[in-house]
Every structure is written in C-alpha cells, then in structure tokens.
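Next come two complexes built around subunit A: one with subunit B, the other with subunit C.
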Partner chain A sequence: MSASESFLMEQRHRPRQCEAGRGAWGRGWWALVVLLCALAFPAVWSPAAVRAAEVPNAVPPEGSYDGKHVPQPIEFPHDVHVKVNQINCMYCHTYARRSPVAGIPPTSKCMGCHSVIATDKPRIKKLVEYWEKNQPPPWKKVHDVPDFVHFTHEKHLRRFVFNNPGMDVADVKEVCAFCHGQVAEMTVARKVKPLNMGFCVRCHEANDGPHDCWKCHK
Partner chain B sequence: MSLKNLLENWSRYRRGHEQGGYHDYEHMWAMVIDLDKCIGCNACSVACYAENNLAVVGEERFARNQAMHWMRIERYWDEPDLERAGKLEHGEYQQYGASFLPMNCQQCNAATCEPVCPVAATYHTPDGLNAQVYNRCIGSRYCSNNCPYRLRFFNFWSYYETSWPKPLDMQLNPDLTVRDKGVMEKCTFCVQRIRAAKDKAAREGRKVRDGEFQTACQQTCPTTAIVFGDLLDPESQVSRMWRYYEVELGKTEQHKRHPERRGYRIMEELNTDPCILFLERVREV
Partner chain C sequence: MSTKINRRDFLKIMGWSGVGAALAGCDMPSYVTLEEGRETVTSYVHPEEFVIPGIGVRYASTCQQCPAGCGLHARVREGRVLKVEGNPSSPINRGKLCQMGQAGLQHHYNPDRLRRPLMRAGGRLQEITWEQAEKLLLQRLGPEASLKPGRVAWLTGTVSGHQAVLLDALLESLGSPEGHYVHEVVNDVVSQEVNRELLGDPLPRYDFGAARMILSFGADFLGASVSPVHFATEFGGRFRGVWNDPEAFRKGAFLPERERGVLVQAEPAMTLTGANADLWLAVRPGTEGVLALGIANALLVKHRRDASMLPEEVRRLVARYDLDTVSGITGVAGDLIVRTATWLHERTPSLVLAGGPATGQEHGFQAAAAAMLLNIILGNVGRTILPSGEFPFPQLTPRRGGTGDLLAFAEKASQGAVDVAVVSGTNPAYTAPAFVGFAEAFGKVPFKVVMTQFPDETAQLADLVLPLRSPYEDWGTHVAAYQAERAVIGMQQPVMTPLYEETRGFGDILLSLLKARAVEGYQGFADYYAYLRHAFATFAQEFGGEAVGEEAFWRRVLQEGQLRVPRRPGRLQAKAVPVRLPEPRADTEFPFHLVPAARLGLWDGRHANIPWLQEAPDQITKVVWGSWAELHPRTAQRLGVEEGDVIRITSPQGSIETRVYIHKGIHPEAVAVPMGQGHEAYGRYAQGRGVNPLKIVDAVREARTGELALFGTRVQITKVGRRERLVRMGGAETQHGRKLVATITADVYRRSEGGGEHVA
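And then the complex of A and B:
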C-alpha cells in the first residue's frame, strides 16, 4: 500500500468516527443540560476554584489537608467578620504586610469595635472578661511551619497583592486563601493546606518564585 | 538542588572564570581579615557561638577534634622566616608573641566540598555563599574530608540538652536551626543577618547598602580586623580593599603591580577561589 492509499484509507474511516462521536453526544445531551444549569447557579460552583482565579498573575497552589479542629479560648467566627461584615484580613492581621508573621491582633483592637458592637453575645462577654483582667486570650497556633523554615508573609503579599498589577487590595483574602483556605467559610481557622515543602515548591515553580534552598531553609 | 543545578553552578563558575567576573550573581559576599590588627582575643569566636547556636562540646570531645567552632583562632608560635634570616635564635621567638590566624569558612567559589556531597546538601547560592542545607544533609562527611581548610564541623552527638541546660535554651537564636546529631555545619557568613538586611532593603525598595549589617565576628572584633561586604558593589569597603591589595577572584595566582601590598588568600593555588582576603602580619624586625 502506498502512502497516498493509506492516507485515503484514513480519510474513509474518519466519517465513521465522527458519527460515533455524534452518537455519544446524542445520548449525553441531558448531561449538557445539567452542566448548563450548574453554570446558571453560581452557588453550585466550588468557591475556591472560581474565586482564586480572581487573583491576576498567579497560579494558586494545589493541595489539601484535613487539619484537626483546634479548640480556641473563644470560638472566633471568621465567617461573620469576613463574609458578613466584609472586613479585610489585614485589618486585624495587620503585621502580615510588613513582617514575617501575620500576627494576632491585640485585644484592644477587638475592643475597638466590641465595646459597642454585639456586647450582649456570650463570646463577647468572654472577650470583655479577658480585657478587664488585662490578659490576652491564649489563642492557639493553627498554621505553623517548622522552625527550620524562613517564611515571610510580607514578601508573599508584596508579590501577590501590592506589586501585582490589577490586584485589588480589598480581595486580599483570595491571596490568603492560597495557603489558609477559604477562612471566610470557617469559624475557627483550620489547617486545610498541607504547607509542606512540596506544596511550597510547586507554587514557587508555578509562580516563578526563588528556587534557592537558602531562601527558605535556615 | 539537583544535578542540573550543580552543572549550572559549575558552568557559571567556568563562565565567570573565563570572562573575569561573577556578574550574574546578585551579591558576592566577601571578607577582609587584617592579621596585623588581630590580637587573638577570641571575641569573634565567642560571638559566633552566641549568634549561630554553636554547641559547647566539652573538654573531652574538644580533645577528640569534635569542637564546633565555626570561627577559630589558629596560633603559630614559630617564625621560621625570621629564624632562617638569622634574626632570631631558636627559643627566643616568644618575645614577639604568637601569630594569630582567624579561620572561618572561606566561602570558596570553586568549593571542594560541593561536588563531593552525595545529596547536594551543600551548594552555591546566587549570593556567592557556600550554603549548607541541614535538612538535606545525611552526614556522610565527605565535604569535611575534602575541605583543605578543615572548616566544616560535624555533629557527632546531640548537644542541645547538654549545651543549653534549661533556662539557657532561651538564649538560642531563633533565626537559625539548632542542629542535631549527624549533620554537618559551617560558617554561613551570618546568613540570617544577610537575609534580614535583604528583607529590609526589599521592603524599602532599594539595594542592600554597604555596612548596613555586620557579621557577628566583625561586630565583636575590638580592633576592627574584620571587614565584610559585597564585592560586586564597587564602592563597598571590601571591594575597595580587594582592589587596593590587588587580589582578584577567579585566579590561582595574583600578579601584583605592588608586591609589597600584603593581601593574600589562603591556598588559592588549589583553585578553591576563596572569598576571604587576609592581610599579612607586619613584623617588627
């Protein structure tokens, strides 16, 4: 068989393949309808997948982790603060933009609002107790990297938020979500990303971060 | 770190060697140690212990060469040159005192320790530093055996319980790891301070300035015998001194126009290309 003949044979086979494809579409049309319905109702979307795409010039890291619930002195509702009241993460975790650690706000910052807001709620009453005793609530650390790792929030925020053209600082929670998950959906924060070396390195590769060992290992 | 990176490092070294410079490095941290100023007080060594969480191993292990001093002062009592010249009779030499030689990692650009590491735990950073990654190290000790300066130290034991008994562990520097048994370690040119300075410079959107930070040994030296800085910055004190003493990187032999200028690098003829320039001691004879 010459080359041209074999080419013709292929051509002859091709329509049949197309027909088979069309048949499959015919049987699966209802799947398309379901998909369209799903697209019509954004609530069905996975929130992480869609919102993460809002961060320009960034490839969100992949990976998940099933962290344990860490009991905190006060069951702090992140969802109320972030989702309902639309407070920027960096309003309370103010050190994130200028230091290695994001920090936990001083009790005075909580009291700044809660001396007037929701003062009758049991959690706030507990907070006021701590405030009057002059003691900070003994918050437990949820996201911790090992001691041999040098991690700075500051540099990551500069890369993904402040020096990122097209990025709105109001959407910073989508950047936080890279490593902390959608905290807006949680009450007390839970570790939902692995935060191990593979997780970091894959993100550094995807986003053109530094590859030097000594950038992170100390 | 991978084989690819190692080969890249090697080709970068070759390229720098041929083109007479290290221009694709971000920085090239280097040091000048003036042996004429050094009084052998060991303050640099003590500062290094405090800054870098070095374990105190005890007398017995010290005698077995298991000490962890990243910065050590070597003492030389003999003055063979003077004896040979007949200016000194044997036994008389101590009136001139000892010669001291502070030795810390030479941060060689063609480091002999790097290619022998089976797991690439030691490699060259874009800062021209010879890095040691403790997590990666498996303790084969090839690097230590291949170092001509004997400036790599191995943790033969876990020292953190004996070296820092209970309240003393509060003095540990949180900016670097406390190494455990089975890991090689060495002078890092105080990389935690470099890192902090670079972070600060990045925050302010500028480059690291000369003299903005000091290594612990330099900071402590009472006679300012140690100068540290970036060789790629032509205005830094270190690069001015290297130029004055006519010592260049990437050479195994320095051809000086002014041979009386006393800068030299230790064992540069081995082509290790060290980053520490020593200024010879001036003898008063």
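And then the complex of A and C:
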C-alpha cells in the first residue's frame, strides 16, 4: 500500500470528530471526558493498570496501520529489552530527547552490555561479527515521514514527558507508543500507526499542538 | 534521415522510451521512500561524543573556489557536508561567503567527478588502479627516471602554503627549479608590476574606511578580483559608512559612523562594481589612461592642486591632456570629467584603482601608472594605500601568475623542451586562446599528467589523469595574496571522509613523490597530514606561547580554521613616472573591442559545471545557462539586431556566435562576452553550452610584463540572421509608457533641492 492509499484509507476510517464538535468546543468535550474518567475510575482500577495505560495531560492520537514485517539483519527483540528487562526506550534511543531524530543506538552501546550478557545466543554472535568487522548492522528503516515534513522527537518528548507535570520518565514508552505502538510487544519494530498528516493533525487538535502550516512544512 | 518528427513518430518514441523507463525502474533502488524496509539506517559504531544524529557539527576550513582564501564553516550532519558559510573569525571574509564559495558543495558532490585514475591506452583514457597509476608516475618522475635538468614543467593555478613548499622541493629534486608555471586568467599581473615599480610593494593594502571616494578604472574589486568578499565587506561597510568596526558589525550594530563614500567607475563594459557606482563612465576601451591624465590635468589646472612632487617631465605631460583632447579620445563627456575631478579634489583622501580592461591592453602598464599618478597627486599613498608588510614565512606565500606563464609553458612545450608536464589546479586547454595552439604544444610533451577532480578539457589530452580529492576531503594550508589588517595562514581540513576511495590529495601526491625520490627531510612522514602536524609543531613553539602544548595548539588552529601571524611593517614609496599612452587607432576591418567579462560566478570557466552557478542569474544581464554578447542600443540599431539575434564576432584569431543582449552599460564600440561557457568537456552541466570568448583573444601582449592583453582584441560583428531565445530572469527595463514609477531626470534632480554633491 502506498503512502497516498494509506492516507485515503485512513480518511475513511476517521471518526467523525469534526461534526461532533467544532473548534474549541470539540476539544473541551474531549477534555471533559478525560477529566471524568480521571475522576471516576481510579478507585476501581488497580494502580498498576493506570500506570501502564496513561500519560497525563495527553490524548493519544487515533488511527492504526497494518505495517508489514520488516526483516532486519538481526531480529532484534524489543520485547526482551522493554518488557522483560524494563529498559527505558531512551537508554538506547538516547538522541530522541536532543535531536529531531531518535537515532539507532551505536554498536558500541549494544556491546556495552552484550560483551558479557547472553554472549552465547545466536543473535548476539551475529552482532559480535559486525562489531569485530567494525561495522554497524545495516538496519532497515521502518518509521519515516516525507522530507517536506519537519518532525522532531525532541519537541514531542519535551511536551509529553519532560515538561509534563505528573509524567514519570520511566513511563516514556507510553508516549513513544503514540506513534510507534506497543513496541514492548514486538520483536523488530513494525509500523502500526499511519504517521500521515491526518494522524498528526488530529493529535495536534486533541492536544492543542501548534496549527501553523510552517511548524511542520518549513 | 529527415530530422523532422511528426506526431505519430513522436508518440511512438514516447511509448518506447516510457517502456524503457519502466524497465529501468525495476532495478532502480528507491532511495527516497516512506515504505518500510527499503532504506537503510546506519548507526555509528563508536559515536563521537559531540556528534548527535540529526544535528549538524561545524568544521572550519578554507575556501578553494578562487584564490582569495576566505575562511569557511562547513556544516556536517551524519558524516555529510550539507552547507558552507563564511567563518566569522576570518579577517578576510568576516563570516561572509560569495556564491562561488557557497556552491563549492556542487563541486564536491558533482556527479562528473573522477573516481579512478585514467591512463591513455590505445588512444583512449581507461580506468586503472592507484597502484598502476603510481607505478606509471614513478617511472617518469621517480628515482629511476632519467630526467635531464630543466625538462620537467609543472603548470598550476595559484598555489600557496605547504603545498607550495613541497612543490618547490620536488621541482628542485627533479632538476627543474624554474619549471613551475602559474596560470590564472583573472589576474593582476600588470597592476602588481606597476605597484612594485611605483610603490615598492606589489600588492599594497587598501584602506576603504579612510577613503572618501574611489575612482576605479575598470578594477572590478567587488566581482572578479583578488579578494572579492573582503573588498565587498570593506566597501559596503566602512566605505559606504554603514559600520567601521567589524566586531560591532558582527553584533548587529549598524551605526553610520561616517559619511557615505562616492564610487566612480570608468570602464568599457559594466561590471558588478560598475553597477554599484554612483557615477558610471563608459570609456572607450583602451583609453582609461588618457582619462586618468585628463582628470589629473583638471586637478592641476582647475583646482590648482600642488604638483611639486611631480617631476617636471610629468607635469608637462599632464598639461598636454586638456579637457577637450581627453573628452575626444575617451568619449567621456567633459562635464563628467570635471565633476569627477572636483569630487576627487573635495574628497581627500581618496583611492584610485586600475585593473581589468584598463590594464589588459598593450599599454596596460602605462594606463595603471597614469591612475597611480592620480593617487600621488591626491596624496593617497600612505593614507588609503598602505604597505602590505612582510609576511613572516616567505616560503608559504602564494605563487601567482597570469596568462603570460601559460604562453611561456606552451612555447617551451612546442619546442620539444619538456619531457614531463604536470597540470594541476588549472584547465589551460579551455582557457588558452586559439592562437596559443595549446593542444598541439601539449601534444609534443612525451608524458603528460593532469591532476584534477573532473574530466576537463586538459584531462582529455593527458596520458595519465590522477583524480584529486575535493577541498572538503583534503588537507592544506593557504596564504591569501591580499591579506587584511591581520594576516593569517588559512587552514584547510577534511570535513568529511572522501566520497571516492581511489582519489588522493594534492599534498599527498607531492609527498609520496618526494619520498620516492628520497629527498632529505620528507622521509619520516606517513602522509601529508603528518607533515602538516610536524610543520605546525614548529609554529606552536613560535606562536603557541609557553602554556599551550603542541596538541592544544593544533586543535586551536583547526577550530579557528586559521593561524594569525604577525607581519613586519613595510614601507611605501611614491614614484611618479612619465607615461606613454598611444593614440587609439581606428580599425576599419575590426572596429569593435572585445571585452571577455569575468564574473563572480562561472569565473574563468572553472565553475561552469556547477548547476547552482549556471542557474544564478548574471549580475548585470540576469541571463542564465548560456552565453550572450552585450551591445549598446546604438550599436545594435546600427547593426540592425535585436535581443536574441545571433551575431558572429570575428577576431583575427577566429570567431564565435552568440545571442545579443542590449543594454546601456557598455561603450558603443565594445562588445562584451562573459567568460566561463563554451566547454567541450568538463561534465554534463558545462559542456556544449554557450561560447568561450577566450578562444578568439588576439595575440597582443602587455608591453612591460609580457602578460596577455586580455582586453586588447579587435573584432568585427556580423549578423547571422538566426534568432535564439535569451533566457533571463527579471522584468522589463522600460515602463512601457505607463509611468509605473514617477521619475525625473538626474539633471533636474541635481538642480533641485534634493541634489547637491551626493548625486551623480
């Protein structure tokens, strides 16, 4: 499916939010629902469930995408790192908080742990092969936006994590999940959000993000 | 076969080429896609601590797009250089960079760059490996090569810094210490000679801030000059009175600190400098010296300036050039000569410059000497013309030259007196006029090596072509010919890893030859980088101070992109000599004067393979991607041509055909054709586009220096009868009688209250 097709499909499945409430009133309606949920349910939910599901002061963007499985040079298990070992996303994707791009961790960072951990596993042996050749594994890109879109990880993390009262940095994966899905449930990353303009704009509307064209198209 | 294609054929061709494109598309890797799993994202293996993917890092280096030596900051992201800007701490360009410098990226990433050495085999150039190329080179220039003294010739563009030191040592070792020829089309050889003889300093420093007026005889100091960006910042800032302190200017303090200086430009065809002038004088080509003497006459006679510093002989000479005579010879109206003289009289100190078409004549030296006479009368020497001082490392100073060296090289080669010729940093097969017969002369050399980045015209004639690294991939040091108030050695460092492995740096090639020839003092260095490190270790002792270690000093130089060096103060003399200017001769067969115009863009043709500069509209005519011939409206009317008509311009040496552009910024007896186009090779963007005016330049030499008189060619013009569209940006030059902007004539304005001395 090409990008334009996926965009059209996305349009078809788009909830009729514009008709439901226009402009500020529409946003107010959403906020009211969120507020009610927040007020009404904590007593019923277990604290752990709340912690896993919620980012304060944020409305997660809607939309889904059925991305294909992308074979990678090493079948990197995100699930083992995130779910089992509870490693923060930004430990490896350390550039996300500083740069427009999140960055692939340098091979030296992988080897920081894997020179001693799980050295007998076939995937680690493959990693060591690259390392000894002084080459990074040729990872395939999964998430991308067109060159005419200026997206920056740094600003989004500032809004939803670092400048977000009540947000625990340990829960950053819930913010990442807005656009990347529950990576904790995946091995190699798969595109599960449309990442098209409708998706971006809906989230900007719901979270009162900037609306100027030039914010993204500069 | 008929070249006409009917609609049916056209559709057939389109259909098949569409299939071809589709088939080709199957195997084409798609580099720009949003599809998952198509593009590769590469991480660092060991990241540098200061490198953040997605955010650029700046490296300081020195620009190599012309010999001015401006400092650069190159922005590098993910290991790729993306943008170059001026280095704010460079005293030469003060953070500014011209379009040629900015476009250096397109030399670096040019798709036509040579990726492997080439060797002539069976009459054709074929790709070989570096090992083979090095072996070939060593056969001819190595220790076993039996070279007779004086039989090696090395033709380069301007070379300075440690590359020049290595080249000198190599030529010495090859037994040809006199074998270095330096060729630059855009040069100031004649001006240097005048300055050396009359001032005792070949290139003095000009204080634009002190000058209240500039009178320039064809010196295009804002465009094609020895340091265009430096002069432009000096002119726009200190001379025009916008700022006087570079530091304050950098901080954004645009305080008018003084009155606005007045610029008068006298030249046959308008240059970028002429376009900035308050008064532009269209002077008959080759009579600039006469105009200078006419102004001197008005200063002495009308304004009774003190002339006691002039020898009696010179005073008598000046007295002969009265207003009517001068106006008659130069074609400049008498009142304009008087006005210029009055301004000069009132606005002391001033600055009188000569260059380009004034010096590019058979009597160029005399014309520049006449201009210098004005400086002496006006007392400018020592006030706006200052001694350049002595550079502390003479071995690093630039080896400069003009076309005279090319003529000498070609003559020697055609006599069969050269066994090995090496050409680097210049493209003489393109720039040499037809009368030189460069290809034949070069062909007589048994072994011809060309070091270049591109498959240029000279490379097509070579036996061995060595692909050079781009300036963004190579080490070097550069000393500019024109140094600002503070002198620097410009540092050139690689800002990214080389794009093509099978290329070498110029310094590395020189060093490997020196090592192969076992020249003493060069054995210990693994590469040119190691040699430079060693050289800067000695500088560290001299300039680093006690507290600074060698490593810290080296890092500081790299970070700043330059090393400031103190100059010993110099002295100027002011010698007035009698000048001998010929009467302009009327030529009935070749009535016009050819002006091969150099522009801050394609320059002498070296930038014709840069699409950005081809696309950038010419500063005067706004034409893009091609050649044109500038004619005065009166001349065009007499010849019966309009814009876009093709004319043939014929000199005794040949002819070129190009399209007419009509404007008033040219003398009616001149035809100006810009340099830079008309390449037969040099890659996809350059070749087969426009014409090269250098080809029809006549064999006229400047009498004193032997330099080629670039502007001394007489031509005839004939209408071809064909029309071609002149592609140019910009709107109409008339208001079509609709009074879009209300205007009054300059004369009326001058007489009104808005006038006064500020209006030309």
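Brief remarks follow.
In this section, the second predicted complex is superposed on the first by the 165 of 218 C-alpha atoms of A that agree within 3 Å, B and C clash if a C-alpha of one lies under 4 Å from a C-alpha of the other, contacts with A are read in each partner's own complex, and residues count from 1 in each chain.
Everything below uses one rule, namely that a contact is a pair of C-beta atoms (placed from the backbone, for glycine too) under 8 Å apart; a residue touches a chain by one contact, two chains touch by 3 or more.
All values reported here derive from a predicted model rather than from experimental measurement.
When both complexes are overlaid on subunit A, subunit B and subunit C end up clashing with each other. Legend: residue contacts after superposition of the two complexes on their common chain; A:K218 is shown touching subunit B, with no touch to subunit C. When the shared chain is aligned, no partner comes close enough to touch A:K121: not subunit B, not subunit C.
In the superposition on chain A, contact of A:K141 is made with subunit C only, not with subunit B.
The partner of subunit A that touches more of its residues, comparing subunit B with subunit C, is C. Using the contact criterion defined above for the overlaid structures, shared-chain residue A:H150 touches subunit B, although it does not reach subunit C.
In the superposition on chain A, contact is made by A:R98 with both subunit B and subunit C.
By the touch criterion stated above, A:W131 is placed in contact with subunit C alone, subunit B being left untouched. With the complexes overlaid on chain A C-alpha atoms, the stretch of subunit C that clashes with subunit B is 277-285, out of 43-51, 115-123, 277-285 or 403-411. Taken together, the two complexes place residues 98, 100, 147 of subunit A in contact with subunit B and also with subunit C.
Only residues 2-3, 67-68, 70-71, 95, 98-101, 103-108, 131, 134-147, 190-191 of subunit A touch subunit C when the two sit together in their complex. For subunit A in complex with subunit B, the touching residues are 98, 100, 147-148, 150, 152, 154-155, 158, 211-214, 217-218. Every residue of subunit B that touches subunit A in the complex is listed here, in rising order: 1, 5, 123, 125-126, 129, 131, 133-136, 174-177, 191-192, 195, 199, 202-203. Those residues of subunit C lying in contact with subunit A across their complex are 32-47, 52-55.
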